[in-house]
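Shared between the two complexes below is chain A, which has chain B as its partner in the first and chain C in the second.
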Partner chain A sequence: MVNLPRAAATSAAREIERHRHAPVRIDIEELGKSYGNFAALENVSLTVKPGELLALLGPSGSGKTTLLRAIAGLTATEQGTIRFDGEDATVLSLRDRRVGFVFQQYALFRHMTVFDNVAFGLRVRPREERPRAGEIARRVRRLLELVQLDGLEKRFPSQISGGQRQRVALARALAIEPRVLLLDEPFGALDAKVRKELRSWLRELHTETGLTTVFVTHDQEEALELADRVVIMRAGQVEQVGTPSEIYDEPATPFVCEFLGGVARFEVTAKDGEADVLGSAFPLEGDSDYCGPALAYVRAHELEIVARERAEGVPAVIRAVRPFGPTVTVELSVEGRQSRIEAEVPRELYSSGELGIGQGVFIRATAARIYAAN
Partner chain B sequence: MSANLPAQEAAHIAPRPFFRTPVTEAPLIKFTLIAIGLAFIVAMIFLPLAAVFFEAFRRGAEPFFAALVEPDALSAIRLTLFVAAISVPANLAFGLVASWAIAKFEFKGKSFLITLIDLPFSVSPVISGLVYILLFGSYGFIGPWLIAHGYQIVFAVPGIVLATIFVTFPFVARQLIPLMEQQGKGDEEAALSLGATGLQTFFRVTLPNIKWALLYGVLLCNARAMGEFGAVSVVSGHIRGKTNTMPLHVEILYNEYNFVAAFAVASLLAFLALVTLVLKSVLEWRYSGELAASSRH
Partner chain C sequence: MNSLATSLRPAPSVLPGWGITMGLTLTWLSLIILIPLAGVFIKSAGLGWDEFWRLALDPRTVAALKLSFGAALIAAGVNVVFGFLAAWVLVRYEFPGKRLFDAAIDLPFALPTAVAGLAFTALYAPNGWLGSWLVPLGIKVAYTPLGIVVALIFIGLPFVVRSVQPVLADFDRELEEASATLGATRLQTVVKVILPALLPSLLTGFALAFARGVGEYGSIIFIAGNIPYVSEIAPLLIVIRLEEFNYAGATSIAAIMLVISFALLLLINLLQAWNRRRTGIQA
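So, the complex of A and B:
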C-alpha cells in the first residue's frame, strides 16, 4: 500500500492509450423503474459528457445504485432510454454494451487467481474475437502493471487485501476495453486510510484512461473531491447536477444543503424576500418577494463568535469545544432552540483562552442560504 | 524453577488459584461427559455395525462370497445400482435447477416451493411408496390406463425408480440452496457484465462455486438411493431376481433364516455406507476450507 498511487505514466498507460476509443457520451432520458409501489427511479434525465468523471451522490435508497445498474444493463428499467453516443443501449445485451462494472463487494471469482480474474472477460469472448493466449497474458500483465499489482498474478482473492481486491476488480473491468466505466461505491468497503489513497489514485487513473466514468457514493466529501460533476439524488429523482463548486456554493434545495452536511438549520419567517438569521438579514434564494415560513442554513464556518462587549448577534452558551484540526469546533446552545449549533472558529480564538465551557457569548451569521418552506 | 527457590521465599508465593476459562467444566465432568458419549456411540452404532460384519463372516469367507455371487443377490445388486444410476442424476439435475431458481430469483410461492422440497423428508417412506400405488396401481388413477397400454409401473422397476427419486428428492437441493443464497448473484452479474454467455457463466463461475456442496449432496443422495427400504418395499412387489433391491433382498434372506447370506449382503450395503461416509468426511474437510476462504473473501 505504501507507494501505491501514481497511476503508472508508463508503458502500461500507453498500452491503454493504444486501445482507446473516443470517450462515450451517455444520454439518459426519462428513466423510470419501480419495485411494486416503490419508485426506485422516477423520470431521471441526465447527460454524462464524454470522458467525464461523474459522481452519483445520495443517501441510501435514493436510487443512485439502481441508476448505475440500469446504465450497466444489470437492472431492467420500465421507462425511458439510455443512449451511448446516440445508440440505444437498452436494447443491447450485456455483452454488447461493453460496460466495465466494478461491484461494491468486488465480486471477484474466488476460485480463480488474480490473473484468471482479469483474463476472464477476454477468455469468454466468441472464438473469432478472442485474442490468442499469449496476447491475453500480455494484456493482463499490462493491466496489472497499470493497477500496480504486478507480481500478485498467482494469488487468490482471499489472499490479498481489500484495496488490492478493489484494484483487481478495476483491472478486470478494464480488460474488456469498456466503452464506459461504472463503479458502485468503489471505496465503501475500505478503511479510511486506504480510501484516501485510492481516491487520488482513481482520479489519476481516470486521466490516464480517459474513459467516461460514473461512480456511486454516499460520501459527499468523496464526490466533491473526486468528480468533475456531481449528481445529487433523492427518492429516485435528480435533485441537482453541477460541478463540485456549484454544488457547494449554490445548493439548489434545502435537501442538498442538508445532505452536504456541516450546516445548522433555522426555521425562520421571511418578509419581502428577506429573513432574519441570528440577528442579521439575508436574502432568499430565488423568489424575491416571498413572505412566509422559510428554512435557513448556515455552515459551521459561517458562524462567528463575537465578544460579549460588542453585543452583536444573539446570545449563546458554549457547551463543548473540540480543539483539533485546522479550526476549532465549538458546540453552542441558543435559547429557544433544541439542537445545538456547531461553529468553526480560528484556532487563535481558542489559544487566547476565550472559549471556556459554560461561557456566554454572542454568535452571528456571516452568510446564510434561505429557502421558502413549502 | 520453584524447586530452586529458597524455602522461605517459596513460602511467600501464594499458591496460584486454579484458573479456567468460564465456559468449561471441571476435568472430572469433562471426562464423564466424553465417556458417556463414547459409550453410547459404541453401544448404539459401532457394535451393531460390527455385528453385521461378524455375522457375515461367521462361517468364513467362502459362504460370504457365495451369498454375494448367487444369482438373486447379483440381480439385487444390479437393480440397486441401476436405480441409483437413474435417480441420482435425476435428482442432481432437479436439485441444481431448483436451487438456482430459489437462490437467484425472486418469485411468488418461493417459500412454498422450499417447503415442498422438504416434503419427502417429513413424510413416512411408506406413504411415499403408497402414493405411487394410488397413482399407478391397477386400481389407481392412471394405473389402469397405463396397464392397458402395456406399461407396468408399480411392482416393477419403474415404480422402484420413481419411489427412490421421491425419497431422495431433497438431498442435493438442501445442500445447494443455503450456499447459493449466501453467495448471492454478484459473481454471475460480474461474469455477464464481462461478456460471458449464460452457459459460460454457469460452467465457469456458478458450478466451481458450488462444486463441493454439489458433490456432497450427490453422495448423500446416492447413499440413500441405495439404502432406501420403506418406500421401495411398498412398490416393489418383492419378486426375486426381478424387483428386489439389496435392502429388500436382505430382508427376504433374513426371514428365511439364511443369516449368513443376509448379513453378507447387509455387510456389502454397510460397506457402501462406510465408503460414502469416508468420502463425505474428506469432502467436508475440503469444503469447510473453501467455505472459510470464501467468507474471508
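So, the complex of A and C:
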C-alpha cells in the first residue's frame, strides 16, 4: 500500500480504504434490559453480518434505540452478551469499543468549529497513539471531503444547516476509525427533501467505507429502501428479521403487516386453513388446517374495483378519490364495516370517469395474508 | 450598514412594547443607579484634577484599593472552582439532605453580613475553634488579609453556584456520551466539553462574586482587624474619611472604585459578547 496512485476524485475514499480493517461481525445473544417493571429489551438475539447495513425498525418504545445504545455501550444491559468478532464487547470501555455513534440530535460540540469537532476523537487519544497535528489536519480534511463539507472547517455548528450538521457528526464518528458505525434516527430531524438526498448518499458512503453499520428508524420506507436487512422490533423483542423484500413479501406477523402500513385489516373466520376475504378464499400463513378467528390483511394495490355488471366481490360505495401520483387512491365503505378501505387503482380507471363519489361498485381482493388470531 | 437612527430603534414589530419598556427602564435606571453615581463624580470633580490625584495616590488609599480589588479577585477565583463543584454535586447527584444543602447555599445572601463576619472572627481568632489549631501552625486568618479573602469567599459563593446550576442542569447528556464514544476520558470530557459550555455562566458568576466582594463591608470589618496599610479595605477607608468630615477624600476613593469596577465588569461582558459572536451561540 506504499506507492498507491492517487486520483484526486477518489482520494478521500481511498484514505478510508487505507485505514479499513476487515468489517466486524456483531453477535447479540439473549440481551435483556429493564427499567423498573418495564422491559426495554427482552431476550434479543441478533447477528449483524460483517459489512452489512442493518436497520432497526419499530414504533417508539419498541426498544430499538435501547438496543443501539447497548451495542455502543452507552446503556448497560442486565442479561446477555454482545460480541464484536467473537470478542465480548460488554466488558470493554467505551474508548476500547471504538464505536462510531451518530446521535439523533447530532450532539455536536457547540463551542468547537467543524474542524475541531471532527478532530476531537483523534486529539483525545493517549499521547503515544495520537497522530501528530499535521496528520490530524490531513485526516480531518479528507473526512470533510468525504462528507462533502470541505471549506466549512472554520464554521461553528450553529452556523451550518441541519443536513450539514448531520454530516459533521458522521465525519466525527468516522474519524476514530470505528469498528462499527451506529446511527440513531439519522434523518429524523431533517426535512423531507434533505432526507431523500442524504438517504442515497448514506448508502453510497456505506459502500465506500464498508463498515458494519446499524441504524435506527421508525420510517418503514426508509428502512426498506436503505438497508441490506431490516430488524422489526416490538415491545423490546425482535418481531422479524429479513431482507427488505422478505419483510415486504412475507411479513411474519400481523404486527409487521400493520407496521409496514398501507393495508386494510379484516377480521375473518378460518376453516380448514382457509378464509374468505371480500368474497374470495385465501390460504392461512403457516398452520394449514386451522379453524377459528383470523386476521386478514390486504394491501391497497391488491384491491380491485370491478365493474358492477360482473358482480364479483362484495358491494362497496366510493366515499373519496385522491387522484394524485402514479395510481389513484379510492376510499370505499363496505357494509357492516366501520373503517373505510383504501384501494389503489390504475389511473385509467379514474380517467374513464368510472369513479364517482357516492357511486356503488364491487371490490375484491387479489391477494391476502391471513394469520390465525390467538 | 444601518444608519444610527435605525440601529437605535428596532424594526417595527407587531407586538408593541418597545417604547414603554425602554422608557420605563431608562427612567428607573437613572433614578436608582445613574443619578446617585453621577453625584459621586460631580462631587469629586469639584476637587480639581491635581487635588483628586493627590488624594487618590495617597499611599493609604492605594493600599486599601489594592487590598479590596486583590482580595475580591482571589475570592471570586476560589469561588469559581468550588462553586462549580457545589453546582455539579447539586445537579448531578442524589443524596440525603440535598434539599437542605441546596437551600443553605443561599444563606450568605440572607444573613446580615456582620453576623457572618463575627462568626468567622470567633472561629479563626487565636482562641477560636479553628484558630486554636491554625495559629500554632503559623496560619493566621483573623485580623489579616487572609481573613478578608475567607469572608469574601463566603459572601460570593451563591453567585457562582446559582449562575452555573441552571446551565449545568440543561446541559445535554448526549454531549458527554458523544465525547466518551469518541474515546475521551472522563477528565477530558469535563475539561474539553463540559467546562467550555459552562464558561459563560462561570464568567457571570465570577463577575457577580467579584463585584459583590469589592463592595463588601459588613463582614470584613470584624475579621480584618482594619490595620491601615495591611488589612484596611477601601469601603472602610471611605467611612473613615466620612467620619473625619473629609467628603472630598471619601468621594475620590469612591470614584476610583467605580471606574475600576466598571472597567472590569465591562471587560467581562465584552468577553461574553465576543464568545457569543464567535461561536454563534445565543446565551
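Simple rule for what comes next: the second predicted complex is superposed on the first by the 365 of 374 C-alpha atoms of A that agree within 3 Å, B and C clash if a C-alpha of one lies under 4 Å from a C-alpha of the other, contacts with A are read in each partner's own complex, and residues count from 1 in each chain.
The definition used in the following text is that contacts are C-beta pairs under 8 Å (C-beta built on N, C-alpha and C of every residue); 3 or more make two chains touch, one makes a residue touch a chain.
Model, not experiment: these values are computed from the prediction.
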| item | value |
| --- | --- |
| Chain C versus chain B on the shared chain A, clash or fit after superposition | clash |
| First (chain B), second (chain C), both or neither touched by A:Arg141 | neither |
| First, second, both or neither for A:His111, with chain B first and chain C second | both |
| Touching partner for A:Arg203 - first (chain B), second (chain C), both, neither | neither |
| Partner chain in contact with A:Arg172 - chain B first, chain C second, else both or neither | both |
| Which of chain B and chain C A:Arg98 touches, first, second, both or neither | both |
| Which of chain B and chain C A:Phe156 touches, first, second, both or neither | both |
| Which superposed partner A:Arg125 touches (first chain B, second chain C, both, neither) | both |
| Interface residues of chain A shared between complexes with chain B and chain C | 72-74, 94-95, 98-101, 103, 105, 107, 109-111, 120-121, 124-125, 156, 158, 172-173, 175-176 |
| Residues of chain B touching chain A in the complex | 186-187, 189-197, 200, 204-205, 208-209, 293-294, 296-297 |
| Residues of chain C touching chain A in the complex | 172, 174-175, 177-185, 188, 192-193, 196-197, 199, 278-281 |
| Interfacial residue positions of chain A with respect to chain B in the complex | 72-74, 94-95, 98-101, 103, 105, 107-111, 120-121, 124-125, 156-158, 172-173, 175-176 |
| Touching residues (chain side chain A, partner chain C) in the complex | 72-74, 94-95, 97-101, 103, 105, 107, 109-112, 120-121, 124-125, 156, 158-159, 172-173, 175-176 |
